[in-house]
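In what follows, a single structure is set out as structure tokens and then discussed.
Chain naming follows the written order as A, B, C, D and E, and within any one chain the residues start at number 1.
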Amino acid sequence: MKRIGVFVCWCGTNIANTVNIEAVTEAAGKMPGVVYAGNYKYMCSEIGQSKIKSAIIREKLDRFVVASCSPRMHESTFRKTAAAAGLNPYLVEIANIREHCSWVHKNKGEATAKAIALIRAAVAKAARDKELWATQIPVEHRALVIGGGIGGIQAALDIADAGFEVDLVERTPSIGGHMAQLDKTFPTLDCSACILTPKMGEAASHPKITLYTYSEVEKVDGYVGNFEATIRKKARSVDLEKCTGCGICWEKCPSRVKSEFDEALSMRKAIYIPFPQAVPNVPVIDRASCRWFTREKCGICRKTCPAGAVNFDQEDEVLQKKYGAIVVATGFDVLDLDDFGEYSYGKHPDVLTSLEFERILNSSGPTGGRLLRPSNQSPPKNVVFIQCVGSRDKSRGKPYCSKICCMYSAKHVILFKEKYPEAQAYVFYIDIRTAGKDFEEFHRRAVEEYGALYLKGSAGKVFPDGDKLLVKGVDSLSGHALEIEADMVVLATAIKAKSDAPQLARLLGISTDTHAFFMEAHPKLRPVEAHTAGIFLAGACQGPKDIPETVSQASGAAAKAIVLLSKENLLSDPCVSEVNESLCTGCLACIKVCPYSAITEKTIEEKIHGKALQRRVAEVNVALCQGCGSCTVSCRPGAVNLKGFTNEQIMAEVDAICL
Amino acid sequence: MKQLSERIKEAAFGSLSSGQVEMVIGWQKGPLWWQSFPAFITDPGETASLIWDPFSVSNLNKYLLNEVPKKKIALFLKGCDALGFNQLLRDGRVEREKVLLFGIPCDGLVDPARVEATGLSKGLLQVKKEREELVFYYKEGQRKAPARDFYYSKCLSCRYPNPVTCDEMLGEAVPCQPLERFANVSKLEAASLEERFTYWSRHFSRCIRCFACRNVCPACSCRECIFDIAEPRWLGKAKESGETLFYHITRAYHVAGRCVDCGECARICPLGIPLAELNRKFIKDINELYGEYDAGADLDKEAPLLTFKSDDPDVSA
Amino acid sequence: MKITRDNLCSSIVKEIAEISGENVAGCYQCGKCTAACPVNTVMDILPHQVLRFLQLGLVEALLNCNTIWICASCFTCAGRCPRGVDLPGIMEALRLILLRKRGFSRIKAGVIPRVADKGMPEQALVSAFRKYTR
Amino acid sequence: MSVNLKQGPFEPLIIAFCCNWCSYAGGDLAGTGRMTYPANVRVIRVPCSSCVSSNFILRAFQRGADGVVVAGCHPGDCHYTSGNYFARRRFLLLQRFLEFLGMEPERFQVHWISASEGNRFAAVMTETTEKIRALGPNRKLRDTR
Amino acid sequence: MRFSYYPGCTLKTTAALLENSALKAARALGIELIEQEKWQCCGAVFPLAALEIAPFLSSVRSLAAAKDTGEKLVTICAACYHVLKRANHVMKTDRDVCTKANNYLQLPEQYRGGTEVIHYLELLRDEVGFPTLARKVKKPLTGRKIAAFYGCLLLRPPAVMQFDNAENPSIMEDFLHALGAAAVDYPYRTECCGVYLSVQNEEIVAEMVAKIINSALSHGAEAIVDACPLCHYNLLELQKKTPQGKSTLPVYYFTELLEEALDLKDKVEEKMAF
């Protein structure tokens, strides 16, 4: 007979207020196999854990159940407790009587009855627990960083500085990301390029970092410590080794297209570097707009290149490399404003998104840093900034706060007023959010020193009125509907997840939230890890963030990756599938449903009626198996079983709950 | 038909006496008119006892699972049997190179029950098929009737009368004029929930759990069946409506996407439970939801439950 | 002014929520409704204030204002509200409370023959009657 | 056992198989957010919706569950990349089959609930409980012992 | 092309011009609009109070009748379009109201929102197609600068109406282009005209109309075109009460221009002359 212990946690009042602890403990004590049941205020505390340990020894428990919070919270804690008391850590089951019971029910009688049922199920499962042992998997000591913005650069540098090789993959022709587009940064007004370009250079010259710009990750297989990625290096049409970055080619190129880097406010050539400080400082040919590739005419860049670096015949290169860890730092996009026609964005050139305004402020931008109205190149006297365009908008935009707009708009006000001290800035806001070091002070400077008029309210409509823009809005504090004649209107447009984030998530096997931001493994305690082991998150791909937050998350992700890479071997989760060869019929349906190609066919020999016979059966590669259990359902006789969640165990849980 | 019998005997004799195979599995006549039994012959001299008649309904290929051959085994396959053979092959239960297959085109077999029902069975000695007719032999003489009137209903909706696989075809291909096979499923679907429940509970309440439907099924070939496994005990032993339902749902679900629609389960059921309709419900749904799929015939397609499309119809309520 | 829970959760506040099917707590006072309103210049209580008054439980003031009769149900506010609050529905609820409960009628006597003369479309008359009377 | 030990109006027993990564976490979030739903629902944690065998579902009905919910990640968001795609096919066929045998289709439901949808978790559980309470006890698939 | 057609009260009286021109053009374009047999007034305004079903039962009746013929239900009046489409949306999405309405109406078959309600403009855009329409134009309105006025009822609330991009629509401009005219873009094209406020608050509406008219004028419009009898009345009649005190901008129903471009006007006149 098994000797099961049950430990009921009060979780202070979190459980005890809604669940009758004494009644539950008493009922647990009478369950089959249970030889001891006790309770304590905080089972996860040192004292609580030592109570478990001493009960294990005193009562000779061979397994136990903790009725407490979600197993996603403290299963690992109590497994360690078991190990410390000499029990195999997989002889522990958790009954979730907090998140799934005391917190969601109000009636004490009902909650108590349910808690007892949940414990009965956990006891039934525990009775069928077996000792499990983790196996060792070797670790590939190289990291892949996806995304070459400030987050990706920081993560790559940190990992490389720890002595590991890093491949940094960036989709566009240069690293730098959105930060390279910015003029100054809040709240210090540091020049963005001045602090970013040294980092870009460092990443490019670091002996442990390999840059793959103009490249994309196409496929990722494998698992923690042993990922295998397929990277497509798109044909640059310019030889990275030969090019000196002299610039003759793009001067001569006759094709002009809108510059992505300048948010379409300026033109670039078909052969181009996105911005002057680009790394690598080597152009690419945008084949979709190049005359050679579209009409087989021209070729002037090839003719004029003094280094002979232009190569029209270059082809995409596909690499396959192994990595131990992956950092995802793919950044964000800006919301499309098609549904916000009332602001006349796209209809009038003087209505800009904040990112466009940033380019116009920037000395390397389309106006060379002169802040002029795009419509007539005249200096603006009145600029209206509108906050929360698409943010906090569950109807047409995104319900979340984009987090950075309050601050960058204060920055925009200051930069605008620095250029035109006599001009007036107006800011329509709903709430001002300045939680951050020196943020509130910075915002107050915009109001007090620079005289920006902050109007609590919204703009309802923006439309051209003569050569001005008429902004109709409201100041809700005074209760007046307002009209402002503006020269420019700047829309603090919501930040959103990259439009192809779901595809990347699928490729990596990580999950996204409802807004397509990548999901962290735990919102509080594991904020830089993805749900999939070995994949880490940095920056705005996980949710709106400013630069210091992105950088610190990147360093956090790097630290997590370094911890992983510095191990020679990893212990694999022993909750993997196993095949009972005597039951296996060899139909191999399990192979078809396995997402990790973890099941293979093997031939075994056995004796039947005295004759040696060969037959095929399925075999699980425990290093590849991630424990989803899909194979167990595809197996009709139940020959494949998932350790830790065996058919016997789940059946026992069902039976126990229904008892 | 006589000619086909002769060719069977020749094929069996030839393959055994040449040493190409060590055993032939075919049919032999039993003492009564409706009895045609499986025969396992290793001696070329006994091949003369093999027959082919309108009662050779047994699917022989499941016997392969019991035999541990050194050499090949020769086997006779009707159209439906060939589909079943392919399913066994797909499930890894037979090795193609260890069997020699003789294909038999078959336009239908006679259901003894239908003969009984017409009263023709009284004093009946023998039944033979001549072209499209059955000839009933009595002491007093003989009577004739159209053969199709006596066929198993599964044969009337047969879509593969000619074997889709074999090493040698014995006989000419026969034409295929199947009746609509989903007629009964559609009729039931149109009925109300309670009508359907009553219909099936009446049938299932008669089930004696003899497992004949499973044993005969070419898609049920597990070394040890889930219903027989003691730990965990999935299926209880009690005669209990819940258990019986579990059995029937699970049996049908396990052959979903694998059932070749040979209809053997319904034919073999001693209580006449229309088991094939359960399988056909799955076939019909699979065809509607995931595209036409014929288990046993569509060898190049993946089994529908072992694959997916990202835009499959949703199950979420 | 004294604010009490009784005012905040009075039966009439609940009734307005019930008739309109809207939860006024959804409003975070961004003022978009007022900014968008084509008739805000002639309203005595601005659209966003209507919601604020309701949040504060100040229903009587709303029942005595001209705003609810000037609102033309043009749905500009509802279409742009970031919180998805249907303000025209709330205005309708306020009107209905007066029309249904208090036997109120907004149609001035003598209006009908006057407008009918001018070939005003039926649509206008039916609408006005639906909005102003019960 | 029915949920309420006392005599009273019918209270259904609902068993919910929830995948660890999305729906179970969604259930946790419902708890963290103190969203309420009826205590009739009892959750069994499984790694993935593709790990839920029809055997478990039928067993639950046999042993007296009045409703069974399987909840997993939204299609496309499976923690194991493709598990719920297989589950979607398996369960759609099973659902239609049970209905074919005369079972009320509401009794066996499949829902996709992500880890961030605590409110949806609570709503699904509440709605399911109400639906099944209205249907009455499961008599069709239950063992009579 | 065959459709169920719901005319509504106004089109049978004060806005007969709108109906006549629309029906004439439809015939010329090979569209069969079958007037519903027993239509009742839609109620002119959509009841905004939740759980109030009585006011839109008449709409549900028309919707259900259209479903029986399996045809899309076409409206020309913007108000009818608005009310029918919203009533249909409620029937589709609100189980409770749907059940009540069905219980009340005792229709031979339950109605659950299966009918598609479309406006005449949508008919032109999606069924005929503007390119086809352009080819059928006999007398293009070349050189005419016309401002389209959308008003409220077609566009809002956008989530339910889904008529066009509510803040930046283009269907009427595309229509004008198909007829060969130049469409004038001006900021007030989606504003409210004042609707039924004109019944007793004329001065407010006059001010609103003045803004619309002036905006159109200042952007170079020579005429304004609308799709709603009430907008039409307000724009036409209350223009006279604007500070200018006179009518400065001609106001047309969009169908009048259609009639003209398809060269149907003269024909009728010829006929009448005979």
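Here is the rule we use: a residue touches a chain if its C-beta (ideal position, glycine included) is under 8 Å from a C-beta of that chain, and two chains touch if they have at least 3 such contacts.
Remember, predicted model here, so these are calculated numbers, not experimental data.
Leaving out chain A only, the groups of chains that stay linked by touch are B, D | C, E. Hopping across touching chains, the smallest step count from chain D to chain E is 2.
In terms of the distance between Cα centroids, chain C is separated most widely from B. In this assembly, B is the chain whose CA centroid lies farthest from the centroid of chain A. A count of contacting C-beta pairs for A-E and for A-C identifies A-C as the more extensively joined pair.
Per-chain Cα centroids separate chain C from chain E by 26 Å. Separating the CA-averaged centres of chain C and chain D is a span of 44 Å. Inter-chain spacing, taken between the CA centroids of chain B and chain C, is 74 Å. Centre-to-centre separation between chain A and chain D, using Cα means, comes to 30 Å.
Residue positions of chain B touching 2 or more other chains, listed in rising order: 226, 234, 305-306. Taken residue by residue, chain C touches two or more other chains at 76, 80, whereas all remaining positions touch fewer. Chain contacts: chain E has residues 159, 166-167 touching two or more partner chains. Contact between chains, as defined at the top, is found for A-B, A-C, A-D, A-E, B-D, C-E.
Chain B contributes residues 185, 188-189, 193-201, 226, 234, 236, 238, 240-243, 245-246, 249-250, 252-253, 256, 278, 281-282, 285-286, 289-290, 304-306, 308-310, 312-317 to its touches with chain D in the complex. Residues of chain A that touch chain B in their complex: 582-589, 592-593, 608-609, 611, 613, 616, 634, 636-638, 647-648, 651.
Within the complex formed with chain B, the residues of chain D that make contact are 54-55, 58-59, 61-62, 75-76, 82, 85-86, 88-104, 106, 109-112, 140-145.
Across the complex, chain E is touched by residues 18-21, 38-39, 42, 70, 72-76, 78-80, 86, 88-89, 91-93, 96, 106-108, 111, 115, 118-128, 130-132 of chain C. Only residues 28-32, 34-37, 40-41, 46, 48-49, 76, 80-84 of chain C touch chain A when the two sit together in their complex.
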